[in-house]
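Just so it is clear, A, B, C, D and E label the chains in written order, and each chain counts residues from 1 on its own.
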Amino acid sequence: MNFDYFLTFLVFSPLLGVLVLSFIPNTKESVIKTVGFLATLPALLLSLVAFFQYRAGVSLEELSENVRWVQFADPDTLGNLFSINYELGVDGLSLIMIVLTAILSTLAAVASMYIKKEWKGYFMLFLLLEVGMLGVFAAENLILFFIFFEITLIPTFFLIGKWGYFEKEKAAFSFLIYNGLGSAVLLIVIMVLFARTGTSNINALASILAADSQNLVFSSGTKMGLLIAMLIAFGVKLPIFPLHSWMVRVHVQAPPSVVMLHAGILLKIGAYGIIRFGMGIFPEQFQDIAVLIAVLGVVNLLYGAFLALIQKDFKMVLAYSSISHMGIVLIGLGAMNEAGIQGAIFQVVSHGLIAALLFFLVGVFYERLETSNIKNLGGLAKGMPITAGFLLAGAMASLGMPGMSGFVSEFMAFLGLFKELPILAAVGALGIILTAVYLLRAVLGITYGKAHREFAGVTDIRNKEWVPALVLLGIIVLIGVYPSVLSDPLTSTIETIIFKIGG
Amino acid sequence: MDLETLLSYKWSIMTPEFIILGVATLLTLLDLFMPKSVNRKVLGWIGLTGILAAIASLISLLGHGPESILYDTFRLDSFAKAFKLLLLIGAAFVMLLAISYEPKEGITEYRGEFYYLFLAALLGAMMMSSSGDLITLFVGLELLSISSYILAGIRKKNLQSNEASMKYVINGGISTAITLFGMSYVYGITGTTNLLDMARSLLALTDIQHIYLMGLALFMILVGLSFKLATAPFHMWAPDVYQGAPTPVTAFLSVVSKTAGFIIIVRIMMVVFFNTPSSYIPNSMPLLIKVQDYIAFLAAATMIIGNVIALRQKNIKRLFAYSSIAQAGYLLVVLASMSVFMFDTLWFYLGAYLFMNLGAFAIIQLITQKTGSEDISQFAGLYRRAPILAIAMAIFILSLAGIPGTAGFIGKLNIFMGALAVEPAHYVLVSIMIATTVVSYFYYFGVMVQMFFRPAAEQEKIKLPIGLGIVIGVCAFATILFGVAPSIAFDFLHENFNSFSDFFQ
Amino acid sequence: MENAWIIPLFPLLSFLFLIFFGKRLKGASAYIGILLSLASFVYSLLVLFERFSSPTHKAEAVWLTIGDIQLTAGFEVNQLNALMLVIVSLVSFLVHTYSKGYMHGDDRFHVYYAYLGLFTFAMLGLVLSPNLLQTYIFWELVGLGSFLLIGFYFYKEEAKKAAKKAFIMTRIGDVGLLIGMILLFWQVGSFEYDEIFAAVAAGSISTTMITLTAILIFVGAVGKSGQFPLHTWLPDAMEGPTPVSALIHAATMVAAGVYLVAALFPLFTASETALMTVATIGAITAIFAASIGLVQTDIKRVLAYSTVSQLGYMMLALGSAGYVAGVFHLMTHAFFKALLFLAAGSVIHAVHTQDIEKMGGLWKKLRVTGPLFLIGTLAISGVPLFSGFFSKDEILIAAWAHGNTVLFWLAVIAAFFTAFYMFRLFFMVFSGESRSDMSHVKESPGVMTIPMVILGILAVVAGYVNTPWFGTYLGDWLTEGNAALGHGHIEGPSWIMIVATVVSLLGIFLAWLIYCKRSLSRDWLGAKTMYNILYNKYYIDEFYELTVVKVMKFFSLFLHYIETFLVEGLVKGVSAAVSGLGRLGSKFHDGQVQRYGTVAFVGLAILIVVFAVTGGYLK
Amino acid sequence: MTLSGEFLAFLSLAVVSVMGGVLLLNLTKVVHVIVALVFTFISIAGIFVLLSAEFLAVAQILLYSGAITIIMLFGIMLTRHDDTSETKAGGLRKVLLFLGVLGFAFSVYIGIYNLDFGQVPNTLHENNTEQIGMALFSKYIIPFELTSVLLLAALIGAIILAKKDDEKGAEKE
Amino acid sequence: MSSVPISAYLALALILFCIGLYGALTKRNTVIVLISIELMLNAVNINLVAFSKYGAVPAITGQIFALFAMTVAAAEASVGLAILIALYRNRKTVNIDEMNSMKN
């Protein structure tokens, strides 16, 4: 926070790594990996600095940046309308997301040690992806948001398609088309807003629409249409049933380090978008469909859980578990009260960490055993006790064991929903049981029981692998034990939202 | 009219045209008298110099207000300047492509002719951009067309080239007839060929039958000219012709010729039909607005056809033919929405399209001329063989697909903005455009898959000729530049062309 | 007492230390665990003594802010909590000690102690919680500890299944608790016990809501305390190491359900329906589990069913407004059941089998374990002068006094069953001749016997803190200053005590006749079907397997088909349609130039005709 | 509309030209078709005369009836001498096209059948050629010059495309 | 007062245009196709000349337009024929529906 263009530097700092990498020959594997890892550090440091300064009471306002970028209309005739500015800025919510992104990126960079080929291209795309993700959360402007949003798309496509497993190309296309459609819908919404109001600044839009109680700028039907389109757009990302099938494929086929980021951050962009834009710009309409969202949340929760129950591949279990857990985000949002929204945000962060941890662990044992099929595994605790321990801890976090972040978020989301829609919430609570059922089935299937194979020569988690596992678990427990670390920075954001919905 | 009156006109505003004409003549003569042993490539470089000189002279003319010569048979307004600039830049790139064009069976015999026919076509296109007279526009259009017919067939020993040319000429003839048929009615009702005079007399039109006839003429002209744009319903020739024609010609057809088509269609539509009332009631809405939905329908059809059929293509040039049909569809959306941003949007998108498509064609030319095969699998493993080329191609493809960070994205954004800013907003059209854009990811990224994911059939490194190198480099740079800092283009536009306010003067 | 929060931290420290460094310590891990659990026991004792003289202490700090809501974390030392602290830390300490001998030689020794530490931490935290949320948090953590310890022998399929089952079954109950407490929260605006009680007392919550929330919370207790119908996990949980069974599945965790109901007693008493539910479920569980216990042949399973049954008793007590009776029985049961389990562990340690059919005649070989086991058996059977006698008596009186006649008689029958199957167990293990090779059997080492001795003493004397003869100290103290908990002692007709005594003696006599004297046939049940039903635990597991599990599987499959055919199918359909359209379109582009022109012209004609027809220009 | 000499002339010319057109569609021998079209072109020239466009009429006869017809004949001879141009049964397409043509013709006919701008006296027939020349070389000088480029381009194009390649094309044709 | 109304000329032009079009799109022989296109352009010329005399503003312009159209048509025809000859050398046919070496 000590210099101008702090956020710009924060967002684009990984590009430094891209620059350095372009001068390194592709053969020097360890150098490339080191550079790739180091390139994620500036963003991490800066985001942590910003986070702690904010916790110490420094205002986030002064981080905002606003530079004229492109003016579509002739300034002589239409003035400042129809211009898009390069506007970066953060509030508590986005700051947390940025910190999460930076942390997970660094850890995923460590986890990228399993990449076996084309390290240079991999890390360049990886860092580009990080830029996109950081930018998404720092953008103060819908179009800028969209630009960063799309920027995440392309590196991910390549990362999946080139470095993934057997059906990688199919998965990459599946990812591309679904997300392409999602972002297409989003683009329509953004452009309608932009073309009809002449601005794409989030705050300006919010105030224009807030002042538009007579529905002069948009008819109420249009507003609702826009909101629903937005939900569909972010619903693909989140993903909301039935827009999820791409995500399962990606989770199974992408390399673990990419899935860490994908499950950890990219899915969360959907939730972030719904909170930031859905609630932020269309608070009234959002209230009207809150019940729908909550119902969708419960459907997601149960649907994902039931399907996770019968999957044979652990990655599939985790993929459906992600769907299920994103249901909790929706449940929280559907509640439309402090507890619900806070729960949803907590769940976003928490699931990001937990999913990253679990997928990292999948990477750890897949690297050694070359399978993630539950049937072929078993007795992992014998050969790799520490990995198994982490896996168990991850599963516990995921199923909402108190003392870990999953519980806090789940609890708050349900707390919120029970206030508004107790019966629906009670149905949703079944999901808590199911989560335990499918996670234990899968995790115990892998770690406990008879070993189906010899573990001779298989080493347990070691060296660098400790870092992501320990750090992630540490943060998960920290949030679980001391949730204020997250809730304090969020206070003002949530207050603003609650104020908008008049609650 | 005597010589003095003739000389009194400010002929200097035609300098770019004169330069092109002069260079074309020069090339003709040189080609005729140069010994056969001399490599005709040098003519290409001279031609390129001529085009660059024309660009320079055009830029020096930017400051001028609207000027007209001989009852608007030549006029240099902002619209003309802005779009002529695109034509010239596009032509310069095509020239570079042509210089580096080395097909398998060779075109050495006709290389010289190639250059000056190409310049003649360019001259036609330039005239299309800066005339306010129907006759001049028509002659310019035909100059472009006829030169293109010949260019398409210039690989005369190649059956596909012959066929392409033949198909082009037949469809082109029909389109000319239809266009002209429409023009004849416009002339008949207004009694003049000067567009602005037409506009004035049309404004006073009250006879419903005349208006009806104007409507018919509108459709005839629109459909006739859609041949140049390769948009529905006159798009079907494009894949065959693009595939058969020599690659530089394909590039020319898909960029310069298409741009010229848009120029003439906008000129005629906006001046003539925008000023035609749609009913006998005074101050009724313009006829063009009334038929907006039809244009929107054509745009939608074009986008769907182009993008959907492109999915099945295995031939890279054919693929890009459908892609350029689709791109023309996007541009037609601009026409269908008719917002205040129309000219800006068209100009920017055509500019972006110029860079990205020509860049892509440069690479296509390089890859295909080597082996003679145009199958998409030729791109397999390009990343291994020539990483820079692969990345450049990726940039062009991303831009064509409208991914942020590239000029194509800003262009699309601009189109959406225009289509949604008008009342009533074109939600459906925009939705179709976006949906088909997503469909286009399939084939665009299919090329990416070939380049980056598939192993190469051969490991031989690719030698990059200087001409292509320049095209690829400049296009890639411009595609990124206008994607990252589009304000350069928009500020240029706002500063120099003054919102095209002199269009109706 | 201000520093009571330290008590759970000792075992937590043990857990953290052992999980990180235990591997290097190997066998020495035990000492850390034992020392730290001793520390918390000592501290608990101090707190208990302090509590005798000073009032309830409560301290809280904000844990999480949600808008205007502030959720707090803290601790509260009231009578119940202080008592529980001592019980838990004592049993925990004894089990820590005992385990050193029992688990000797296991290569995951330190992990075992770490888990024990985790469990003890959670259990102590649970009993210190001043609010429902915190209770829930530790409630779950206790479950985690239990899960980990049940699955300690992870490489055994049965252990894996048992751990999973335990976790899921209790989780079902937990969700009930969660729902109940959240609903209560939105009624009261707080999770604090005292605020809840205040709201209940002030009548600001509708009776329906009280009943609903109370029953939902009771569902949590049902899950944790192995009450019918969520009891099936508890016998299976015997797959864990026996000391664990003693600690978790006999003395502490399973009693947490009873503790929860006790802690929320004012809420339950506010709704007669809720109380009735608790009592009914308790009574049913008591008789139901006891009947199953009659025929089991696994030493630990018999004890497990007896635990279930005894927990049912406690619930019956609480449901009959017998707060003191419930808590009292909880305490005595903790001692004698822990004793029984440890003794059983000692037996298993000695004979390496759990099948009582293979035992017999061990009285002579296990000179310490045998008598201790007998003490435990006598206590649980309710033989006068042993602790169980007094507490069970209290329960029967409470049930009678509350007017639950049917439930009372059920409890009496259950008491008879208890005496019978416990002595059946005793006789089959210790009397007669051994039914398999027992030459190698040796008494357990001191580190195992000493904790048993301590528990043995307690199993005898613990009852005297609350007797109708010498004074109801415990009851008076527990209910002191809180009228909502009822009186320290409920007066009942004196014949109840006689009936109880007679019934238990009858059970013992019958068992003696059949299993020791063998004067009666062992096929006393006559009908084989009845035996089978009991032996197979009324086929409850099978029933669940057939219904819940099958339905869930079926539903999953159903959704799976929806996923593949509807969700994926739709996508595939759309993409197939698009590419089909593409194929059609490219087929149409067949190189026929005239077709191209025709399309263009027909297109023009259509446009023009449409324009002519719809344009409004034709008159 | 009274039956005047002009009308009779128009009618006969129109009938001949349409007849030529119809023959174009129905004749199968290519050469016959061309001959039929010559009639059409000539009668169109006649129509031009009726419309006071004498210069155009002459140009029409020279250009169409003369030049174009002749080069077409050359074309036919250069390619295949005795080719017949019977149409293959492209059933559906023809039906569609026919319907399209009908619709198109009908719609346009509605637009023109009673089109009347009122009679304005004009002097087109006086010094028609001179008038054309004046306009061509003053107002329309730019398109005129442009046309010369066009013709040049067409000329060169036609030459390079149609010319036999001496070196390699000797064995062909 | 002329005895022949402009609509008669226009109708004639329309008929010829349609015939030309129909011929261009159905005839198999490429030469005929090309000449049909010429017929279409000729029909347009009738239109232009008719308007030149009887149009809203009678002027020589129409005739000029027609003249240009004629020139262009001639150029187009010659180029078309040249292309046909080049094609014939390679393909040995003038049948339009045999030109289908490019399709998917």
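For the reader, a short list of remarks on this structure follows.
The rule is simple: a contact is a pair of C-beta atoms (placed from the backbone, for glycine too) under 8 Å apart; a residue touches a chain by one contact, two chains touch by 3 or more.
Not measured: the values here are computed from a predicted model.
Looking at chain C and chain D, the chains in contact with each of them are B, E. Any chain bridging chain D and chain E, meaning touching each of them, is among B, C; the list is complete. In terms of the distance between Cα centroids, chain A is separated most widely from D.
At the far end from chain E, in terms of centres built from Cα atoms, lies C.
A summary of chain positions shows that the Cα centroid lying nearest the centre of all protein Cα atoms is that of chain A.
Looking at C-E alongside B-C, one finds more C-beta pairs in contact between the chains of B-C.
Inter-chain spacing, taken between the CA centroids of chain A and chain E, is 64 Å. Distance between chain A and chain B, defined via averaged C-alpha coordinates, is recorded as 43 Å.
With centres defined as mean CA coordinates, chain D is found 30 Å away from chain B. Taking each chain's centre as the average of its CA atoms, chain A and chain D sit 69 Å apart. Listed for chain A are residues 177, each touching two or more other chains. In chain B, the residues that touch at least two other chains are 135, 138-139, 142, 146, 149-150, 153, 156-157, 163, 165-167, 170, 174, 178, 185, 209, 212, 216, 239-240, 312-313.
The multi-chain contact residues of chain D, meaning those touching 2 or more other chains, are 90, 97, 101, 104, 107-108, 110, 112, 114-115, 140, 143, 147, 150, 154, 157-158, 161. A list of each chain pair in contact follows: A-B, A-C, B-C, B-D, B-E, C-D, C-E, D-E. Within the complex formed with chain C, the residues of chain B that make contact are 163, 166-167, 170-171, 174-175, 178, 208-209, 211-212, 215-216, 219-220, 223, 226-227, 232-234, 236-237, 239-240, 279, 290-291, 294, 298, 305, 308-313, 439.
The touching residues of chain B, when paired with chain E in their complex, are 134-135, 138-139, 142, 145-146, 149-150, 153, 156-160, 162-167, 169-170, 172-174, 176-178, 180-181, 183-185, 187-193, 201, 239-240, 243-244, 312-314, 318. Interface residues of chain C, counted against chain E in their complex, comprise 586-587, 589-594, 597-598, 601.
Residues of chain C touching chain A in their complex: 62-69, 133, 136-138, 140-141, 144, 151, 154-157, 159-160, 163-164, 167-168, 171-172, 174-175, 178-179, 182-183, 185-186, 552-553, 555-557, 559-560, 563, 566-568, 570-571, 575. The touching residues of chain C, when paired with chain D in their complex, are 594-595, 598, 601-602, 604-606, 608-609, 611-612, 618.
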